[in-house]
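Next, two complexes with subunit A in common: one pairs it with subunit B, the other with subunit C.
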Partner chain A sequence: MRRKSLKYALFMQGGVLLLLFLLQFFLPAYHHSSFSKIMILASYAIGYNFLLGYTGLMSLGHAMFFASGMYSAGLSIFYFGFTPLEGMIFGTLFTLTVSLIFGLFALRTKAVSFLIVTLMFGQTFYLAILYYNEFTYGQDGFSLTDYLGTLSILGKEYLYSDPAIRYNFALILLASYLLITTLIVLSPVGRILIAIRENEPRTQLLGYNVFSYKLFALTFSGTLAGISGAMHALLYSYIGTTFAEIHHSISPLLWTLLGGAGTIIGPLLGTGIMFYLIDFISGITSNYLLVVGVVLVLTIIWFPLGIMGTIRQKWLKWLP
Partner chain B sequence: MASVELLSTHGLSRQYGGLTAVDNVDFNFCQDRIQAIIGPNGAGKTTLVNLICGRVPPSSGSIIYKGKDISKLSSAKRVQSGIVYTFQVTSIFSNLSCYENVALSAQRSLKTQQGKWLMVSETVIEEQVFESLSRVGLQGKEYQTAGTLPYGHQKLLEVAMSLAADPELLILDEPTQGLAQSEIYNLIGLVRTISKSVNVLLIEHNMEVVFNLAEYVTVMDNGSIMTEGTPSEIENNHDVQVLYLGT
Partner chain C sequence: MNKKEEEKVDQQSELNLSRRTVLSTGAALAGAGIIGSQLIDPAAKTAYAAGSDEPIRIGFQAHRTGIGALYGRWYERTTNAAAKYINSIGGIAGRPIEIITEDDGTDPKRGADVVEKLATKHKVDFVYGTLFSHVVMGSAPRAGELKIPYFVVSEGYHVASGALNRYVFQPCITDVRSQITAVANWIFSNLGKNVALIYPDYAFGYDHRDYASAAAAKSGAKITAKIAIPPTASSFTRYFIQIPKNTDVIYHVMVGPGVLTFVREMGEHFGSVDVFEHYGSKHLKLFGFIDSLEGVNINSPGLEFLDGSHFWEAMPRYADGYPTAAEKFYRDTVGIDDSGASKSDSKDVAAYSHMFGCWETLFAIKEAVEQSGYKSKKDYQTLIETFEGFSGFNEGIAHPQGSKVFSGKTHQCYGQQFVSQVKNGKFNVVHRTSIADGMYEPETDYTKKSL
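This part shows the complex of A and B:
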């Protein structure tokens, strides 16, 4: 079953990625740029889903991890003159540390208390960025345009914000997230995480140290969010507090629920649909948050398993 | 008592509010035999074994297992050291297949055997899972969702999970509850086979099962041990007769 799941899943994901790769040659500029954005945000959602969908921990503070990666990469490039690669590595390690320390505290709580703790820490992080505005440029944020330099590929120089670079970097990020989460979910470790989601006390009584597995899941999920944030900083050359705000924590939850929590490909689908839906609605009304709310409620009522979750239940039992 | 002590409790108590569910119990389990605990509903049997496997912390007292005080160990550590508990009220992973349920248990015991940092191969896990499921008579049910099994079979699944955990001391809490008569006979046979290599502590209401299997019986009432002895001693004990027949 597992081997079959792995084989089928890799084929399916490979197909999706190939399609995304080829689409860049056909998409009109506007959609080309939308797809880049969707792929970055979807990577963030895939990391979020690792925690929510596979370990059963709901967080409302993931913007903290995204912003932590974004700011640590961005600030280190801005102030210390790190190269983009060094910034990425620093951002990754910094977020890994942040999520590990956060997990050590937050995972002492469960369910709703955990949700509230993540929310509180997320808000604290956001307010801290505003408070230290001399250093972080607060609400306005700052640009990295003059600090990134260019990227040389096969003797040609590209800007990080070059559309083709953006698209393909986002695609590589997405591909690696899909691959690594699929491998973990279908490994013995993934089995234990799912067990924790399904019945935590029983998992403990099977002889597993539940706390350390949850800590791993949280740290991993937070770090994935952080890498997405750092990547976003490079490709868009902009660092700002919108990425630390509460709505940026709610978004991956929504994308995941819509696409299907506990399915690997679901968050990608959810992110894409919501992105275009909001894009469409905001052309009509400025109150797109209302639409977001309505979609969330309808999803929970009609598709409690999300799109891919429902498809798995009905047809594709092997879907990881 | 010639045999060696495997586990003992000393002055073990557990209070729930004003109620003392387990009251200053000194219980001994000797190696290489099937022991049983019997007693009326609410006697404290489940609470006692919950204390032993670490599901609930004691209010006072200590538990010695193979010469070591395990009272402070987490329940996970106790499972790793071989104390495996089969739930009275089933606590399986109802949304997962029987295969996954047992695999979770097998994976852990294989890891304990093979060392922490090795990844256990799925082929080895699979072998264990199929063996454990067929030992309890659930072969062919591997890919059925556990929650859709009839209650009796869920209890057998619990037993399969415990077997896959490679127990040294297997605690079975009312395993025959909800089973049909023919399944009970199978289970008696199974427990007898298991007991050749594993120490079994059986908690049962079904006297037929107890007297069929146990070599030593502890009777609990009101949180304390009322009497202990061989099955025939217990059968002929006047107080036990009063307790059970109410005369």
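This part shows the complex of A and C:
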């Protein structure tokens, strides 16, 4: 069953990625850019879903990981003259460390307590950015436009903000996340994580070190969020506290719930739908967040498993 | 601006004419400035007829929701009034002006998306109208990447600091550094030399902290405390108790939904007998930036203690504060009564010290388009270079707040400021600075950056 799931999942995800690759040649400029943004944000949501959907840990502090990747990459480029690649590597390692240390503390709590601790750590991180404003530029943030230089590909120089670069980097990030999370979810480690989600005491009783597996899930999820943040910094040249605010922690939760928690492709779908829903409704009314909220509540009521979760329940049992 | 022109502006500033008189005495206003003269020139109608029907599309990045919603509402109202008026007098270079509005939620993330949407989906000629500085910081890189001129009405020092790019202009509202530089000496000379600063704990507040401190050091005044209030704060008394005993003046500025609570709690705290005695039975003087009270009726319950205190205003809220013909025309056209509230709802108080920037910026765009011969996006370079060549804008209908000196190097203007005192339930102007009072040496040169 697992091998069949992997085969079907890779086939389906390959099809989605191929479609996304081809779309860049046909999409109008605005939608081309929107798809790039959606793919970056969806990558963030895929990392979030790994923790929520497969391990059963709900976090309200994931913006801390996204922002720590973004700030560590951005500040290292801004102050220390790192190249974008060095900034990415530094951002990844920094977020990995932050996630690991955070996990060692936060995983001493469970359920609602865990939720509150993640929220508090997230807010502390946000306020720390404001507090050290002389270094981080506080709420205004800063731009990397003059610090990134160009990217050389086959002898041609490209800006990181070049639409084609942005689109394909976002696509590569998304493809990597889809592939690696699928492989982990369908591996023995993934089965243990799902077992923890379904019944943590029983998993412990079976002899598994639940704390270690949860720590792995949290560190992995946080690191994916941090890499998304670092990539966002490079491709969009702006670093600001808006990416560390509570809203940015709630967003991946909503995208995941809408698309389907515990499904690999769900966060991508949820992110895309929410992005265009806000985009469309904000053109009609300034109360767009209210409308989006109502739509979300209704969706959760009718599709408690999210869109892809419902599809899996009814039709595609093999969907990972 | 030469001496003769300054005299004309001063004469015009002292006029107090009805709207009908303004329109019928075009020659008097024509002397007030380039824009003013174009607006009332009968040839403008001819130009409209000779122009293209293809509108100049201006994308308005509005704060309809979020922390900046109060300002956003008034920015939108002013923008629509200005666009309607510009169209009534012939549009821009004979082309009608069309405003396309998108809400950015006062959020830098969404701000960048809105710039993108306006530029690539709505295909506007320019993006304009952003106020909150963090939204400008988040949006400006995208405007630079898209190579679309981006005119902000923000007050932040971010444009003049050189942190942004050559496509970003702030031509018609002065920045915080300039405002503080202009009024600081007046505070130290008239209210006291020992000043405690209270400001929001983010960049807008840091500009106040840094430039007020710099001005104090230059004038021999002393900053007794620098108290930053986090944007999440909803209770403020614990910050007021940090003000040391040797303070003469409290310099306060606050923005956001908590402003009314902030001001009321300040009144309750310093109005108590214990606190009065704590400070040696002396009343501390208050100097505030009007940001703390934009959109708030000064006669609201709980604000009585502000009587006698002073505020900075960019443009006097009450009509008798700066009674020029151009100001009256602007006030009437936007629909503001003599007390700074909406004519249709006296409880709806305007963000009067900021929204003029929208009106004036649209006229600045008009001037740049007409002088550069801008026709389409391929003319951006010429338009930007023309704008960078401007040395200022003369007072008139197009610039009712007052004349501006414009620096092509920093893409930032300088203008006059006002100090008002609260007396008898209204703001009364007690001091008007010169433009020179707020000028500082440029720290960047955008003209050397590539396009």
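Just so it is clear, the second predicted complex is superposed on the first by the 319 of 320 C-alpha atoms of A that agree within 3 Å, B and C clash if a C-alpha of one lies under 4 Å from a C-alpha of the other, contacts with A are read in each partner's own complex, and residues count from 1 in each chain.
Note that contacts are C-beta pairs under 8 Å (C-beta built on N, C-alpha and C of every residue); 3 or more make two chains touch, one makes a residue touch a chain.
Fair warning: this is a prediction, and the values are worked out from it, not measured in the lab.
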Subunit C versus subunit B on the shared subunit A, clash or fit after superposition: fit
Partner chain(s) touched by A:D279 [first = subunit B, second = subunit C, both, neither]: second
First, second, both or neither for A:G240, with subunit B first and subunit C second: second
Subunit B or subunit C, by number of subunit A residues touched: C
Subunit B versus subunit C as contact partner of A:S43, first or second or both or neither: neither
Partner chain(s) touched by A:A29 [first = subunit B, second = subunit C, both, neither]: second
Which of subunit B and subunit C A:T136 touches, first, second, both or neither: neither
Touched partner set for A:Q204, first subunit B, second subunit C, both or neither: first
Included angle at subunit A between vectors to subunit C and subunit B, based on C-alpha centres and rounded to the nearest 10 degrees: 140
Which of subunit B and subunit C A:L127 touches, first, second, both or neither: second
First (subunit B), second (subunit C), both or neither touched by A:S187: first
Superposition-derived minimum Cα distance between subunit C and subunit B (Å): 40
Residues of subunit A that lie at the interface with subunit B and also at the interface with subunit C: none
Subunit C - residues contacting subunit A, complex: 64-65, 102-103, 105, 107-109, 112-113, 116-117, 120-121, 133-134, 137-138, 140-142, 144-145, 156, 158, 163-165, 201-204, 206, 230-232
In the complex, subunit B residues that touch subunit A: 53, 55, 74-77, 79-80, 85, 91-97, 99-100, 103-105, 107-109, 111-112, 119-120, 122, 125, 143, 161, 165
In the complex with subunit C, residue positions of subunit A that touch it: 28-30, 33-34, 37, 127, 130-131, 133, 137-145, 159, 161, 236-238, 240-243, 247-248, 279, 282-283, 286, 288-289
Residues of subunit A defined as touching subunit B within the complex: 1-3, 187-188, 191-192, 194-195, 198-199, 201-210
